[in-house]
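In order of appearance the chains are A, B, C and D, and numbering begins at 1 in each one.
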Amino acid sequence: MIEILAVLGFPLAGAAVLAALGERRQAPAVNIAFSFLTFAAAVALTVRVIVSGPLLVADRQFFVDSFNVFLVALTAFVGLTTAIFSRTYMRIEQEKGRLTLGRLRLYHSMYQLFNCTMLVALLTNNMGILWVAMEAATLTTVLLVSLYRTPASLEAAWKYFILCGVGIAQALFGTILLYFAAEKLLGGGGGALLWTELDDVKTQLEPTVLSIAFVFLLVGYGTKVGLVPLHNWLPDAHAEGPTPVSAVLSGLLLNVALYAVVRCKVLVEGSLHNSFARDLMLGFGLLSVVTASLLLSRQKDVKRLFAYSSIEHMGIMTFAFGMGGAVANFAALLHMTVHSLTKSAIFFTVGHAAQASGTQIMDDIRGLVTASPMLGWGLALGTLAILGMPPFGVFASEFLILVTAIGERPWAAPFFLVALGLAFAAVFSKVLPMVFGATTGGRLPHPPAMFPVFVHLGLVLLLGLWIPPFLADWYRQAARLIG
Amino acid sequence: MTVPPLSLVIAAIVAWLAIGTTGLVRPRNLRFVSRALFPAGAIVGLALAAVAGYSIDLPPASAVLPLGLPDLPFHLRLDALSAFFLLLLGAAGAAISLFSAGYFRSSEGTPPGVICFQYHVFLAAMAFVLVADDAYAFMVAWESMALASFFLVITEHRIAEIRRAGFLYLLIAHIGAIAILLAFGVLQGGTGDYTFDSMRAVILQGAWPTTAFFLALAGFGAKAGLLPLHIWLPEAHPAAPSPVSALMSGVMLKTAIYGLLRVTFDLMHAQLWWWGVVALALGLSTALFGVVFAAVQTDMKRLLAYSSIENIGIIVAGIGLAILFKAYDKPLLTAVTLTAVLYHALNHAFFKSLLFLATGSVLHATNERSLGKLGGLIHRMPWVAWLALVGTLAAAGIPPLNGFVSEWLLLQAFLFTPSLPQSFVNMLVPLAAAALVLSAALAAYVMVKFFGVVFLGRPREPNLAYARDAGRFERFALIYLGAGCVLLGVLPVNVIALIEPVNTLLIGTRASQPIADNWLLLAPISADRSSYSPLIVLAVIVGVVMLTMRVVHRLYHGRVRHAPAWDCGFPLQTPRMQDTAEGFGQPIRQIFEPFFLIERHLPSPFDPAPRYSVKAHDRFWGALYLPIARGAESLARLAGLIQRGRISVYLTYSFCTLLALLFFVR
Amino acid sequence: MAGIPLYAQLINLLAAILLLLAFAMLTQRRVLSLVNLFALQGIALGTSTAIVAYATGQMHLYASAGMTFALKVGLLPWLLHWLIRRLDVKWDVEGLINVPTTMLIGIVLVVFSFNLAAPISQLASTVTRATLGIAMASVMLSFLMMITRRKALPQVIGFLAMENGLFFAATSATYGMPMVVELGVALDVLVGMMIVGVFFFQIREQFDSLDLKHLEKLKESE
Amino acid sequence: MSAAGIASQLLQFAIALALAPLLVGWVNQCRAWLQNKSAPSLFLPYFTIRKLFVKDAVVAEGASAIFRTTPYIVFGAMCCAAAIVPSLATDLPFARAADAIALVGLFALARVFIALAAMDIGTAFGSLGARREMLVGFLAEPALLMVLFTASLISGSTSLPTIVDTFAHRDLAIYPSLAFAGVAFTMVSLAENARIPVDNPATHLELTMIHEAMVLEYSARHLALIEWAAALKLFNYSCIGLALFFPWGIAAAEDGWLALLGAAPVLIVKLALGGFLLAVIETLSAKMRIFRAPEFLGTAFLLAVLAMLVNQMLGS
């Protein structure tokens, strides 16, 4: 119980402290410290769950099982590395005069609050609180996206706020219907919204209400996941905000939204006894992969390019969860991990690259390898990892997903492969001239924070070649749980 | 044997990786990298070749590594087929590593340490491909090989064409890998078990074997450079530094051949005869296309790259013929054809690496690649010239050397086809034999052009006078490869004894009687039917030549006077009057006009500095690749319409999705 | 209507009023009256929650009714009025498509929501199950209103109207969610409004107008 | 490897060496008569070769070792080829080591070396001749191999003595495939030996010559060897033609000395007739433009493939 309190308490405390002394010079260091404490608490919680199995504490309000504990650990870890990266990044931004100290204060406190909301969304057992946490996450990041006060960032923030607000509202309606269906069985009061309760009784829930509820929930949380017809806010929000925010948005928030969708799918799956929920997710997933890979080739801005790549990868994960079965779920969970690690690493390098050449337009960034070799190689390896080149983990999960797709839904495999081929062609043709060739980029005033990048890529490489046994059982348990 | 060969092979792979990573420790230190690491890599290569040679006739050994996915760890297997190709990789790899010891200088491109790392990861990945025994391990090794070679191709990434060539190479390699993955998907036949053993057990029904075969042909053809997917080869090989292009041309293309043999002969049982016909036709058209384009090239490395396409075409044609024979259940004829295929693969690895390394030395001495600016190098670079002559004769398929032996075996195989029941095939095969012979003859034309324009005649540029011969390491590597070409050509019987177990593995039954009985005479079916003994031919020729030389010199005094060239009495002679590369290729351009897309630049009559240039382009760019690119472009523009920018439009998307789903649910 | 108890009839009446107000807001031209209609909707929502609290005796519903009154009738409308005065955006507001077509689409939406909610309401044990359809209809209508508005402020008001519809669905269909969730939703809406206020000032400062046509540069289709 | 075998092998090798210049002289004489010119002496080629041997060799400055060794290699290859082709008897132990395909390979070896030597000097004519020689080479070689394939398909083996044995002792049936092959073979041998339709042996007109352009720079003993090798090549080609299409009179392997002696006059008569036929062809036809050569050799190639197809179809 203490771990959960610690995991949630530290970011909240961090947000408060940073709100108070955000002005001072050592605010980034404090930010890192709090992130580190959160990470430590998350590790403690993970160990606790491994040792003693799922936790249901605080009068069943918080529920930690093998599915969300690895997401908590991942969120805390990426939060820590992003904090480390943002220290150097923000110092360079400050020296460039693009951010004042006041805004930095807002940035640091909102960053910690955002971490807290994500962790609450992951740990809570109450579907209502899950919705509230998601809404809070949206609100905290809206301000972060519009930190630079440029017309483009304002537009991105406004669209982000309206589209996600409307999406989340649908999710609220879905939650209400869920509550409505559950209330008949579990009676009024708090019990009807608890996931564990719903999970036990899901077979008797009313199918028609559940299917309509799932539609609202899928459209709601699907907007946050960035599934294609609802994805329009994602490229703008991820490209216009400061890089640490884009990294955390792309790396973590999308995962948390998908986590929520999967939680709902588990309930609906139990009651509907047909594959309606899974087919819906399959359809959205495949549509996202194909459309995103098509849109990739039209990008001019490097962060928009990788935002679309996030849409594509979220599509892959939704497709995998949609297929269901032990192997596909296992692959989807693995893909979640490696995608957030690789994507955040890429955003770190892209951030520094943009700072070095002063622009995010890809045609003006040239020859990173010669300007600063670490940055160039980091971006090259990161891009190859995200495109699913083998030694890296993304290939392992994509291999498993493709293999199950060929087995269970052969009609989908060709679309998948064509989309992956198109994405490879588009992204690599734009990144290759950026990394290699004669250099135009200037030097960075401070050495780029490449430590987080190579830690992430190292982990992804490790996962590509050898998945540690404890992690493998973790994923297997979660996969069985998801069903 | 105390240590099983498979673990030795794994040890070799790990050794290569270790050498590579030590290179990374001090990337800028050239002496350490070239004097210690590359020779070490060469020694590991030799050891690998020895182990592979030894274990070729041992029963297959397999092992499981703890790496890989939890429920699909890496399976490894060393059987006769992978042992043979490991032998090829080790032997050729050792020479090329030795050459690179002397070749790499601290150029401004990637630091030598990084090159050493990428190089040895490339070697390790290729070795891993040859021993992988399940789809996941194979794909990981396959694409790591493509990735490592991609980074090697763009070592001098300052130049735009090299970056473009690198991108094209990795893109087509990736598409090929996707096709291979689909092929494995079909081969596992719904069992969900992706190890090769289970694929061997699965009997596919209906149209699945055909789809699997054609997917594998497309996938491995993309890496080997078969016709429609060959575009990257003439771009990527010349772009890479010479030792890397030698490794790619000599060895990497053979991993694609290994993959094709593994899938068609080992994993799939049912072989339909018309697969063979398709592979035969595709192979021969690739061979003809490759050699015709090689004849009109003006860049020596592009010329060799196109000639690699030709040799790969011949090998795939041989595989097609082998499939044809196996489909009609003629084990002996399949054995002869497969021997020819494997023998040619080994030969090509040797003589193509020799030629690419020779161009490497020429490039280093003159740093000039276009044939128009070379010439007369035999005087200043005798070692390189004479060893390149050995490679040229081998590539042209001249009797005593190895190129001729594999061509001879393949022609013998073509001669046995009349025994096939299918009358249509009996008609087709003479034409196939004719096309094969035509491409072999054209190969001679190309090689004469290559050697003549580069090494013979008078130097076309003044700075060629300062060209120095190759260094110690480079010379030793060239000698090793030259000796390899000669030995492979002169001792075919022993080499075929090496290939015998591979045939038995691939065909299943033991061939009725060995192809080569006594060590001197190569007689595939029976001695009186057809036989060829290169050793005797070489001995007779050398004997006669020595005899005439002694007789002429002793009987008639051997006084020689040096004078300016006679040249029918024309007084004025300048080096520019020699044939240029375009000139030597002109007859081919004339005869094979429809093959090319010719772009001519003719000077106008009052042009102060008339420049005449002609470029022969590849029709496939316009016919196949640009339409695909344009199609993808227009599709993307269509998709771009979604992101129109207006928030109300986005809200409508969300609203319509909601209504559609609700309507659908009710 | 006679068979069911008085409070149910009152709730159905208030539901009808809520639907009427949603329609009115959909087609309203002037921003000021839009804010007043939103306040009226708040009142209707508050009273219906209070009636449900009285009928089911759930104490926390009284608290949420009080919160609705405080928030949706008091604070938010005052905040909107203050914003309108500071940004002087009192001019007329025309929608993207003309009023008759919006009305037509609105009616179609209401019909669709009714027969979508019909099977669910049979299952509801609560007396006021019929209101679920109305709540869904008002959510759809406010969604439509957000789509058809050109200016930022009316869009935000549409968003708040949607929150009202959801809140009404929560109270009428299921006699209110657990207290913690109610608080969370209210808090989110409040913070949302604070942020919107900040946005308005920034957009005003950048584009010196709140028209959404300035916010259309991030796109792919050029 | 019986003693008789070695003896007949050496005998045929010696006869080939001796008779080759005579055949060239005979052809030149016939041609002079047909063009009613006074014919040079029959033994003129012997005199020229002897004369050339005693002269001082003049070698161009830029020439490398290839230039000086090529005559010996070309001569060696031609001798090797002569040892394979059965002219008097089919008892040739060395033929066991190299079959028809190896024969074509030997011709290719000679052609490649002579082309390289031509390019070695670095003059315009050398590379011009080399390019044209390789052009004729890569078109003629496939046709030659197709002819040999047809013969080996009929006889079931690719080694020349076995082919001759099967052909010599078969009953006199009409083989249409062999007829086509014969015509194709004559066209190919005309091209390969630089005879009139493709190249004029006697000419020194720079623009038209192919073979002469390559040996332009040779003198004295090198030129002698090249001339002798060319004569030997013509002799080899005629022997192959006789062996494949007129095999009667070649002593079988097991016959004794008598058959060998008996076969000599038959060979001489056949060669005389062949030489005369060659002279007739040369007088009747004119030299073609170099880019007409591909069509000429293309028809030869077509005929050879047609022969093979006919053999498949009719079984004969």
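One rule holds for everything that comes next: a residue touches a chain if its C-beta (ideal position, glycine included) is under 8 Å from a C-beta of that chain, and two chains touch if they have at least 3 such contacts.
All values derive from a computational prediction rather than experimental measurement.
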item: Each chain counted as touching chain A and chain D at once; value: B
item: More contacts between chains, A-B or B-D; value: B-D
item: Between chain B and chain D, centroid-to-centroid distance (C-alpha), Å; value: 36
item: Distance between the centres, which are taken as Cα means, of chain B and chain A, whole angstrom; value: 44
item: Whole-Å gap between the CA centroids of chain A and chain C; value: 31
item: Centre distance in Å when chain B and chain C are each reduced to the mean of their C-alpha atoms; value: 70
item: Sites on chain C at which at least two other chains make contact; value: 116, 143, 146, 155, 215-218, 220
item: Junction residues of chain D - those touching two or more other chains; value: none
item: Of all residues in chain B, the ones touching two or more other chains; value: 637, 640, 642-643, 647, 651, 658, 662
item: Inter-chain touch pairs (all); value: A-B, A-C, B-C, B-D
item: Contact footprint of chain B on chain C as seen in their complex; value: 96, 112, 115-116, 143-144, 146-149, 155, 212, 215-221
item: Residues of chain B that touch chain A when the two form their complex; value: 66-71, 135-136, 139-144, 147, 154, 157-158, 160, 163, 166-167, 170-171, 174-175, 178, 181-182, 185-186, 188, 190, 192, 194, 632-633, 635-640, 642-643, 647, 650-651, 653-654, 656-658, 661-662, 665
item: Chain B to chain D touching residues, read off their complex; value: 375-376, 378-379, 385, 389, 393, 396-399, 404, 408, 411-412, 415, 418, 426-427, 430-431, 433-434, 437-438, 440-442, 444-445, 447-449, 451-453, 456-458, 521, 527-533, 536-537, 540-542, 544-545, 548-549, 552, 555-556, 558-568, 570, 573, 575, 577-579, 583-584, 586-587, 590-591
item: Partner chain C, residues of chain A touching it in the complex; value: 126, 128-129, 131-132, 135-136, 139, 142-143, 146, 149, 151-152, 154-159, 161-162, 165-166, 169, 172-173, 175-177, 179-181, 183-184, 188-190, 193, 206, 208-209, 212, 235-236, 239-240, 295, 298-299
item: Footprint of chain B on chain D - complex, ascending; value: 53-54, 56-62, 64, 66, 69, 72-73, 75-77, 79-80, 83, 94, 96-99, 101-102, 105-106, 108-109, 111-112, 115-116, 119-128, 130-132, 134-135, 137-139, 141-142, 145-146, 149, 152-153, 156-159, 162, 204, 206, 216-217, 221, 225, 291, 294, 301, 305, 308-309, 312
